[in-house]
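Next up: the structures, one after another.
You will see chain A twice below: alongside chain B first, and alongside chain C after that.
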Partner chain A sequence: MNGIDFGRVAVLVVFVFNGLLMLSLIVGKGVHRRRIKSHERRRVAYLTLLSRQLAAPDRSVEMGSSIAGDPAFLDALIDIRTSVVGSESDELSWIVGRHGVMETYARRLERRFPVTPRLNAAVALAEVADESWAPLLMDHLGDREPEIRIQAARGLARVKWTPAIDAIVERFGVETPWVRTRFEDTLLTFGSKATWPLVAYVRVNHKFDSLGPAAAIRTIGRIGDRDAVQSLIAILQSSQDPEIQIAAIEALGILGVPLAMPSLERTFLSDDWRLRAKTATALAMIAEREAIPILTTGLEDPNWWVRRNSAAGLARHREGIRNLHKAIQSTDPFARDAAAEALADVGEVIAARERIDAGSATVDDVELIRFIESELAVKA
Partner chain B sequence: MTDEPARKRILVADDADTITTLLDTALTAGGYQVVVARNGVETYEMGKSGDIDLVILDHLMPGLLGIEVIEKWRSEGVEVPVIVLSGVDDDTTLVSSLEVGAVDFVRKPFRLNELMARIRQRIPSGA
Partner chain C sequence: MILEAFRWIGYATILYFVVMQLYLFALAVYSGFVLRRNYHMRRFGRINEMLSSQTSPPISIVIPAYNEVAGIVDSVRSMSIVSYPRFEIVVCNDGSIDGTLETLIEAFNLTQVRIPYRPDIETAPIRAIYRGRGAVDITVIDKENGGRADALNAAINAARYPYVLCTDADVVLDGKALVRGMQRVVEDRERTICVGGNIRPINGSNVGLGHLITPGVPRGMIARMQVLEYLRTFLATRPAWSALSALPLVSGAFGIWKRSAIFDVGGYQPGHLGEDLDLTMRMHRYHIDNAIPYRIVYEPSAVLWTEVPDTVRVLRRQRIRWHRGLITAIRDFRSMTFNPRYGTLGMVTWAAFFLFEFLAPFLEAIGWVVVPTAYFLGALDTETLILMILLALGAGLMNSLVALWLDEPYGFFNRPIDTSRLIVIALIENFGLRQMTVYWRVRAAFGARKTHAWGNMERRGVANLGIEA
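== the complex of A and B ==
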């Protein structure tokens, strides 16, 4: 075979290969589309079947053994279960129990099965939210598949299975950031019942670990339980870990209890600009007015994040806005920039222009517009 | 041979097929005649026809919101009774719905028996 023949054969092989590839893609797409259509048809049929049962319950009706493993039935069940409550919900539970639907998914959750059916099973168990499956879900909080751990926690939260709180919190220190974030969301479902397990976890671990306790503190803040303020103050005062301190400052800001003000005033003097910046925001969230003197000093901070957050905090209160106007006339260029940005954010620049146009401008208005225009001129 | 009384006609307006299937099945079993609309515009047009005895209306629908549909009907003199069935769980939606002329408001998820009782109260003769 000479060189030219070899080239022709190679081109032909590539051509045939591409053709086969294209054909398999087209066939695959067609099969997939048919599967989706078939799934949708079955889902609608199941919806009708379940609706009939809810409208006129007849416990002698047999839905067939195939429904247990059919994902279309599960979709129909979840759809209808999220639409009704009360005796209709109980009726659905009875149908599910009678046909062994959850037993089928529980079996599929076993570790010998491939990931996809296992994950589908975990979603099914989480969605159906039946207390009798809580022990099984507890077993899978430590599953090797992250998404199954997430679904297990979600299912436990949906049935408000309180023994799960400690088990979920305990995993904060060993989880990947993604799973930990989803666990944080899950714990919110338990509300203030999760506060003390989280506080206890932080107390025990904050000297040995950083990310887990910080996540736990953030969750406490998001739960919004003000009973945790004293504990958070103690943690803020005793910890030397910036991640934990930042989380505590943020949580104290969200909880908004003035009791935290003295501790935060101390962290506003920290050498670490990250703590000062977070503290500026937290102080403004706790007490807009009382924080004004300390936030005004923050306008002259060497770090721009601290200046920015202090200015934003001042802009939350009328008196603070007056101090921002004063800062426009300051000799400190950093303070002027931060103040101008915060004033612009709360619409003060537009308001000043309108007052100038209406002939009712104050000296502060004139100074603000003069500063903005001189800045624009420099940039141009 | 006796004349069968005309069945009352209920318009179920919801973009979720779960709700329309459930209500269609339950209302038909209860002796009503059911028509379904899947968006706000379709609902508005069907409600204007004059042969609807009651509307079960979702609040959040594509095209027109439930409240907007009621407003348009009322401004054009269409006085068909409307029960709003809404997944939006806030008092503003409830109050606004009643203010524009809905006769009742039911929150999703709902009790089917309770909704059926409210419907029977408005139009008692199913069959």
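== the complex of A and C ==
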């Protein structure tokens, strides 16, 4: 084959391929639109059928043998399951069981390939499966596909399968950050039942690992179980790992228990600015009057994050706002700037301007606006 | 002898072109696999959980603005209604003279405040700082003119959150763009320093109150050609680069950056005509040279709509500016080109940038001169000439069609008429439009490669770009 022949073949191949691409593009768009419409039509039909069945159960009605693997049926099932209660739930479970819906998705999940039907199956089980499928979901908490692990945990949380808590918590140390954050969200569904497994996990692991225990501590804070405060204080005092200390400070702030004040006062004296900055926020969240003098000293901290967080914390209290106004007249330019930012954030600048316009301004208002309008020598 | 030389130069040019198209085709096929997986993750991933999660990292949206009075309010509004748990908007008015600042003050009820401004990156002097009094968490930095990079640096200095979305003032952000982009950050917070997004032309679409109501294909040939060009870039190339961990460019219109990483490399380089390319490459170089683990990724489902030039004059200016930026970057990062120390980036993607982006216009221009000359001198026969032209056109068309095919799961152009229009433009863009672009890119080699001036893109405002009645 000479060069010309090769050229002819190449041109032919390229143009045949282009022709096929063009055809598939135009035909494909039409097919895609039809498929979406058909899916929607089937979903609505299934919804109608399911609604009728739930309203007046008639177990002789056949819904068709193909519904088990039909994604439109699954969508209808997901749509309807949140609105059913009592005997309707039992009836829905009977319909699902009779047509082998869960068995079909379980079989797909158990396959090794391809990934799309497996993901689809995991979503189906997470959305619709009952407790009887919990062991299968437990097995897939260690699946090689991260999204399937997430779905398995979600499904277990939906049916409140408490043995899953330990299994999910145990995976904190080995999971990817994305899966770990989704696991954190999932554990919230279990509420305070997850608190002690999380505390136990932190106690055992906080000396060997950083990310897993830190995630567990954050989750404890978000669950909001105040019984965990003593344990968190103990962890804060015993850990030398800044990641864990920061998570503990954050959690204590969210829990908002005054019992944590002495420990937080100590961390506010830390050499690590990150701990001081987090403590300022936590102290503000606990919202105790005793926090105000501590936060006021934070306005003169060498680190700007600490100053900013202290000022923002003071702005949460009426008395703190008075201290911020005083700081505007401070000789420390850093404290002045931090105070001005916090006052602007809580709307004090606007309020002061309005009071000046209305003729009811205080000395603090006038000083604040004079400072705002002064030259912007704003370097922190 | 001369005839032989002409013939072989002709063959070499066509060979170069075929190799380039094969490289692009390989990237498109690989991108197809990446997009398919991404599509399933998007469909099944519980991304909405991030919206109510306290673990979602907060982000500052930074917008540099210079004479953007036509579209700034719509853009800020589109950004203020995105779905994300915690974010702020920081606009930097870079000494506009068209009333951009006044428009912002009025639209968002801004009031002058005094907040600490930390110049971690040196910028032109700041005149004043404003904060919104309404529901939108917006800060406006008013500074003296210093160019786009300088304005971005000022806004990044003023940002409060650990991640910044660097974008433009003439864009509409898709409602889920932030959460989809930030999902990639949450996947690996330690290593992820940047997430690039998918940019699409907004011309021809209907926009109202900061929302994209219906996407559409623009009427004008110039804008329509760019739709195809953006599809080729953002669907057929970048997913593959990202999967190879060698993304050499995160577009300036949509880049989520770790703020501390920007400070590490000293921010955007003022005056650079391709400041986005420069920053991305400096990030790669800094992290590889210092052996710091990192990743720069691309997320195709994080979509941002932008206004593209719809006149030849504006397009010419834009392309010349872009190519001058590329030439500067090629010079600045020449030590990385074909350097195995920089892995796939140095040996494949950045090397391909050099071969197929920087050199392409020059070699293509040589081809136009040499191939017809060789034909008229009798060095090439008619059949060879026709085969060469057909092969070049066919290969170019193939990549456009593959890009259109990859767009299918996104469903923005699902009407057969839109697809047909884009196929037609894929067929005819090689007759005139392509040559024009090559000519501008060759011209770009002659002239200044640094300026503090903004590109003179004439804005109509994103809300005024719908199909004319």
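Basically, the second predicted complex is superposed on the first by the 351 of 380 C-alpha atoms of A that agree within 3 Å, B and C clash if a C-alpha of one lies under 4 Å from a C-alpha of the other, contacts with A are read in each partner's own complex, and residues count from 1 in each chain.
As a convention for this text, a residue touches a chain if its C-beta (ideal position, glycine included) is under 8 Å from a C-beta of that chain, and two chains touch if they have at least 3 such contacts.
What you are looking at is a predicted structure, and each value in this text was computed from that prediction instead of being measured.
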Contacts for A:Ser51 in the overlay, against chain B (first) and chain C (second): which applies, first, second, both or neither? first
Of the two partner chains, chain B (first) and chain C (second), which one does A:Glu88 touch, if any: first, second, both, or neither? first
Report for A:Ala327: first if it touches chain B alone, second if chain C alone, otherwise both or neither. neither
By residue count, which of the two partners contacts chain A more extensively, chain B or chain C? C
Touching A:Lys29, do we find chain B (first), chain C (second), both, or neither? second
Chain B versus chain C as contact partner of A:Asp79, first or second or both or neither: first
Can you name the residues of chain A that touch chain C in the complex? 3-4, 7-8, 10-11, 14-15, 17-18, 21-22, 24-26, 28-30, 32-33, 115-116, 119-120, 122-123, 147, 150-151, 154, 176-178, 181-182, 184-185, 218, 222, 304, 307-308, 334, 337-338, 340-341, 344-345, 347, 349-350, 353, 371-374, 376, 378-380
Per the touch rule above, chain B residues touching chain A in the complex are 16-19, 21-22, 24-26, 29-30, 108-114
Mind listing the chain A positions that touch chain B in their complex? 44, 47-48, 51-52, 54-56, 76, 79-80, 82-88
Contact residues on chain C for chain A in the complex? 37, 40-41, 43-46, 49, 53-55, 111-119, 126-129, 131, 133, 183, 186-190, 383-384, 387-388, 390-391, 394-395, 397-398, 401-402, 404-405, 408, 411, 414-416, 419-420, 423
